[in-house]
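Below is the structure I would like to discuss, written out as structure tokens.
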Amino acid sequence: MVRRIKKTSRKFRIQKKVGLPPGTLVHVGERKAEETRIIVIDYDQREFQEREIENIEDCFPFKDKPTVTWINIDGLHEVDIIGKVGARSGIHPLILEDIVHTAQRPKIEDLGDYIFIVLKMISLDENQGEIMGEQVSLVLGPNYVISFQEREGDIFDPIRERIRNAKGRVRKAGADYLAYTLLDAIVDNYFVILENVGERIESLEETLVTHPTPETLNMIHKLKGDMIFLRKSVWPLREVISGLERLESQLIKKSTGIYLRDVYDHTIQVIETIETFRDMVSGMLDIYLSSVSNRMNEVMKVLTIIATIFIPLTFIAGIYGMNFKYMPELEWHLGYPVALAVMLSIVALMFVYFRRKKWL
Amino acid sequence: MVRRIKKTSRKFRIQKKVGLPPGTLVHVGERKAEETRIIVIDYDQREFQEREIENIEDCFPFKDKPTVTWINIDGLHEVDIIGKVGARSGIHPLILEDIVHTAQRPKIEDLGDYIFIVLKMISLDENQGEIMGEQVSLVLGPNYVISFQEREGDIFDPIRERIRNAKGRVRKAGADYLAYTLLDAIVDNYFVILENVGERIESLEETLVTHPTPETLNMIHKLKGDMIFLRKSVWPLREVISGLERLESQLIKKSTGIYLRDVYDHTIQVIETIETFRDMVSGMLDIYLSSVSNRMNEVMKVLTIIATIFIPLTFIAGIYGMNFKYMPELEWHLGYPVALAVMLSIVALMFVYFRRKKWL
Amino acid sequence: MVRRIKKTSRKFRIQKKVGLPPGTLVHVGERKAEETRIIVIDYDQREFQEREIENIEDCFPFKDKPTVTWINIDGLHEVDIIGKVGARSGIHPLILEDIVHTAQRPKIEDLGDYIFIVLKMISLDENQGEIMGEQVSLVLGPNYVISFQEREGDIFDPIRERIRNAKGRVRKAGADYLAYTLLDAIVDNYFVILENVGERIESLEETLVTHPTPETLNMIHKLKGDMIFLRKSVWPLREVISGLERLESQLIKKSTGIYLRDVYDHTIQVIETIETFRDMVSGMLDIYLSSVSNRMNEVMKVLTIIATIFIPLTFIAGIYGMNFKYMPELEWHLGYPVALAVMLSIVALMFVYFRRKKWL
Amino acid sequence: MVRRIKKTSRKFRIQKKVGLPPGTLVHVGERKAEETRIIVIDYDQREFQEREIENIEDCFPFKDKPTVTWINIDGLHEVDIIGKVGARSGIHPLILEDIVHTAQRPKIEDLGDYIFIVLKMISLDENQGEIMGEQVSLVLGPNYVISFQEREGDIFDPIRERIRNAKGRVRKAGADYLAYTLLDAIVDNYFVILENVGERIESLEETLVTHPTPETLNMIHKLKGDMIFLRKSVWPLREVISGLERLESQLIKKSTGIYLRDVYDHTIQVIETIETFRDMVSGMLDIYLSSVSNRMNEVMKVLTIIATIFIPLTFIAGIYGMNFKYMPELEWHLGYPVALAVMLSIVALMFVYFRRKKWL
Amino acid sequence: MVRRIKKTSRKFRIQKKVGLPPGTLVHVGERKAEETRIIVIDYDQREFQEREIENIEDCFPFKDKPTVTWINIDGLHEVDIIGKVGARSGIHPLILEDIVHTAQRPKIEDLGDYIFIVLKMISLDENQGEIMGEQVSLVLGPNYVISFQEREGDIFDPIRERIRNAKGRVRKAGADYLAYTLLDAIVDNYFVILENVGERIESLEETLVTHPTPETLNMIHKLKGDMIFLRKSVWPLREVISGLERLESQLIKKSTGIYLRDVYDHTIQVIETIETFRDMVSGMLDIYLSSVSNRMNEVMKVLTIIATIFIPLTFIAGIYGMNFKYMPELEWHLGYPVALAVMLSIVALMFVYFRRKKWL
């Protein structure tokens, strides 16, 4: 239990280097990757090149060519690599600071020569059923995209595949379309998570009706926490993408507009699904509480029925257990059977009463 | 029970093909129709033609005539038919993707040559009392409307009837008026569903007051879920129709404006009714919970009255059941009747006490 | 009980003719008047004429004169009369449809030649304490006002009186001022209803503190329902009047502006009072629930005190009621009084304990 | 109790004269002053005159001088005095109607020649701890301010003092600054009330933790009601003052702007404090309810412990109280002590059980 | 306990000097510093001077030089010092009043020659775990910044250090950058507090699941109160900084824009974290309440099981404790063992029943 809580609340941990001058590169967040890994993909309609690079300097020749260059950097803890990339690409120190500070809020900034986008990618830790967040930053220049991830992931693999095989529009289009494709992959991935959440809600709803336990309550609250987390990641995403759509920048071609609007629609759909889930989860809490209430009610009824039947009977038995010398009934020949008959008729009366009250 | 839940939650199922290039046609959703059925209606003020078509190619000659052409396609699972329609009509691949992806959020898009509208049509499964959603897409061009439905339905039948018999304005007006008529039919249909929901609320309110059971609670929550579902379908509808109203497109004539405003008013009315229902349903939850509370209170009172009366009496009986050698009362001639009299007066006192407390 | 609920929920009944071409006149709603009654008042600063008219045709000569003409039509079920009025006055079929469809949402529409206003008039059924809604439509033309009501009412009587006696500004001003006066009368009437509601809240608050019963809860929920109903009627009224105020139409003179702002202020006041009442009513629900809780608590305390005192005593009596042969205490001369003393001291201890717990 | 409720709800009483032509002067509200009292203060940087006036006509000569004239009228029930003031100052009849109708919502209206401001002044009835509202209207003309109060108050006394002694800016500035000073005094007075409310909350919070009673609940609800009342008075105040600030009127000098912004800031502060108080009060309700819940829990535990310990013991005593002829234990020499020992060990076991459950 | 409450509520105390002319300098708030302390730092890219000053007059020569001058004043109770600073720097009396009135709401005002910013700095009283607020005011002129604090603090120390050692951009930039740095330090400090709050939430969540006590409830409510307080401080901060960003003032250079946007992002992040915490805390209240409910349920079950088992048994024992002369069973040789056997089988039946009900 404790473990889960620790992990959950870590999602919201605030980490901040206080007292350093602005623009100082300090990696904030967990170190999620073993080492920094740089993969460069360089393509246009005819050519294609893909290379893993050891020395960061090796990727700049690609970038300076007129072809589209996608530099993907996994692992943010080696800040000097990030620093070099920034220096060579003319990225503002504050932007670099945002890249390595993984508690960033999703946002978009147009800096004229390039557009900076930071957002949250969500994944599911299969072992523990935990929803994990990871920060992804994109720098979109005239003919290049630099993407920064906290760890290696397979979300961008289908895109690489499409570039390699020249499937779809991607090889024919520019860097802005590539950036869109990356955004699209990230947003699509939310649907996978939501499907998982949806299934958990479904199975929880079933349990709720058949046999709710305090554990059920715990799971409802875990779901609630996950929803808070997802919301926090997705809401600003909407602003980011609508910002990108409205941006009047030469870096984004007109023809990419319809694609951006498509991602925007998906984001809205993600948000609405989350809101719907929130409604459903809070409805589940209501069901849980009223089922607990109902159960209590039932327990009380059993107690009351038992007590109401037997307490008077026991009293009668007590009467004839008294040791007074002069108790005429005790001497009667039919005393005992009459007493039993009286008791039985009390039980019968009670029974009628409970029936009327609809307790039986 | 399980069945219901499965069905309910399916309404919100998120289905998404992840990793495919944008614009790939994949049917997402249940296959609700046996086979795709295409009906073409072609008319102007004087002429009228209606034909069911086997081969999709047969409907383009109609479309290219200056008369108004309405191509209605039921069934979305044969994506190549949709693809052909799209290719011949110059519909953007992303739009086609939206048409066959039935988890779309209602929206409107103006693409210059045509306007694309997607919305949710609601129907009631009579057997199970389930509210079902179905996606309807409209493509409105200069002199044609293409409508896509997931399955055959009878909602558009009165419109066909009106076209056949040249009743109302429809034969005199253009494609935009036809599109309006379709929207109007869809929105009007919401009222039918709302009337059903209203009746369920009414009958539930009665049960609630007379004899609420845990089943009542279940029905309240089902109603709540239905409301969430309806809301999710209708809220964006409002934006769609107000968007259509404000659109500055040559495809929509000025004279159609007042009709669109009329549908818009109906949509607002649907939304407000849903909000009112929501308020009423959440009020019902309150009534239910407080009636459970009241019932518990009553049970407790019965228990307390019984216990409070008999426990002291039993104690007195217990006293004179003790076997001490020297208990003077036991020897008294009037011991027994006096003891009974004491007991009776205790009962009388209790009775007065309960009366004062208003428990009896 | 059942009756009340039926009536309440009827307020929200949705009635809709599905499948008819738009603009078809169908009266939707209860038939509240015996027969349609038409009263024409025609006046200017010097002249005044008032006449009840049998044949609708008779009122058009008045309308075509330069004097101000007020045609008041009570009863909407004879749709052909409404149709004739519409045809002669050039009212759009959709507007006529709205007039006879009494589930309309309050709205305003500027159609150039005339302004159409539809709103809800609230009245109180004295016998049953029911709040009833009625639809009132106004058509304001250059020199005429046509008002449509569902049934005869006395709300406009003071206005007629003022016109007859040339009291106030009304005879000097135009048709727009007359329309304002009608609106003002309708809005003022809300205050009467609110005063009634306020008194019910007051008396309920008193009951709530002195002796709440389940009936009290019922009345709270009835109040809540009434509030939902009032809100639904008044909120759009605000938009209507502010719309009228902002309208740039030649039909409304500048000098009428300050009067419209005055009605607007009243509407805001009505809305705020309703919101305040809502707050108070939901506060009452809280009080009710916590008073039920408190009561339960008290019942539990009585039970616990009785049980806690007598159960141990009964146990002691039980001990000395055992029939063991060798029980030395039974033989003691002072056994009985000592046992009684022990019991008394237990009672005393309990008493001290309860005092400390503040249960007594 | 009843008295309090009556008074509280009176705050929200709606009073409206229905059926009179607009602009008719009817005093609505309690008559709070014995008789109307008119005080005129006339000043510029050098001169100063203050006079109580019997006949309203005597104050117009002051008003027509170029010096700043402040006419303060206490008591609104003598409507003919108000009427005369209005007629001589050219105040619109509807404005006069608002002045004497004391259920007005705070608002501002720019009528060109003068600005009309109506707001609520709050005071504390020391005897009963009641928060009372009073309507104050201001008419700001080029060189005069007319203020209308329901009764004499001492809130404006410090301002009079400042004018008399030429302290601060007031004697150097114009009528707009005087109006600002009056507004400032009214808003400042809210802080006094809020301080009182704050103290009540503080003392209530203490009681809540130490010994909550149903009376505490009552006080929480009274606080809640007061908050609703304050809110209703202050929220529109904000619009009034920001409206005044944004007003482009020649009646308000540029240099007064910063002062108005200052009052505006204070109003925001009042509003935020009220909102904070609302949050705190609703938090208190939660605490109260859970403390009641906790208390109930405790009562239940005591009952359960007593019953769980003694019911089995009493049963054992009952066993050996049976009169069967052949009960070997009864004959045993050690029967009685063994029975007692068994009972003791049951008590010990119970004790261990309760310890584990953390009930003791 | 009492102490805490007093302190908490003091945070919201409203203090207001009523009746004084606007612009009168009165220190409102606690006196938190022993004596006023003035430190002047004067620098440009090459030079640097830092001096603690006794006489306020000594700092003006610095201010009048073209270098950047930062005058930091700790302690606001000596209003004549503040007054002198104001007079020499041409600060408006109302602004000075705001500086010494420490219950100010965060705001920004552009007065042309200088910009005035007032905000709340949050710190943590280590001893008591109390969150304390302090008012900080900044006056930003062309080449100077005057900062006013209620007491000495170490939050600005790293900035001083950076100026001394010419680290970062600060020595190269102007007064606007210095003001930004101060704002940044204040906002960064919120993160420290939030981290502390986050840890408290985490540890509370653990307690909540393992063993909730009424003390837990108390801590939840304390957290809630802290959240209300933080919210009240931070929300207006957002407007302040976005106001500063949008300000079109010559005092703020274009190049400072990106830095301001950065602080703005941080503020948003602080706000969102607070909102997330609020959600979590209110979720904790739900968990607490339902765990209390569950516990109650469990207690009731134990009581019911014990009572349900033993009450019937005791009754049977009571039967055979009756003293009727003719009770055949008493004479039977196997009467006693049979009676015991009957009792045992009742226990067995009960056991089966409870198993079915899932109470055991």
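Order of writing sets the chain letters: A, B, C, D and E. Residues in each chain are counted from 1.
Just so it is clear, a contact is a pair of C-beta atoms (placed from the backbone, for glycine too) under 8 Å apart; a residue touches a chain by one contact, two chains touch by 3 or more.
Note that the structure is a prediction, hence the values are computed from the model and not measured.
Q: What angle, rounded to the nearest 5°, describes the rotation that places the Cα atoms of subunit D on subunit E?
A: To map subunit D onto subunit E, rotate by about 70 degrees.
Q: If you average the CA atoms of subunit A and of subunit C, how far apart do the two points sit, in angstrom?
A: Distance between chain centres: 43 Å.
Q: With chain centres taken as the means of their Cα atoms, state the distance from subunit B to subunit C in Å.
A: 26
Q: By the touch rule stated above, which residues of subunit B touch at least two different other chains?
A: Touching at least two other chains: 293, 296, 300, 303, 307, 311, 314, 318, 321-323, 327.
Q: Starting from subunit A and stepping next to subunit B, give every chain of the ring in the order they occur.
A: Cycle of chains, anchored at subunit A and oriented toward subunit B: A, B, C, D, E.
Q: Please output the residues of subunit D touching subunit C within their complex, sorted ascending.
A: Answer in residue numbers: 1-2, 5-6, 9, 12-16, 18-24, 92, 94, 103-105, 107, 109, 211, 214, 217-218, 221, 224-225, 228, 232, 285, 288-289, 292-293, 295-296, 299-300, 302-303, 306-307, 310-311, 313-314, 317-318, 320-323, 327, 329-333, 335-336, 339.
Q: List the residues on subunit D that touch subunit E in their complex, please.
A: Interface residues on subunit D, with respect to subunit E: 157-158, 162, 167-170, 181, 184-185, 188-189, 191-192, 194-195, 198, 201-202, 205-206, 209-210, 258-259, 261-262, 265, 268-269, 272-273, 276-277, 279-280, 283, 286-287, 290-291, 293-294, 296-297, 300-301, 303-304, 307-308, 311-312, 314-315, 318-319, 321-327, 358-359.
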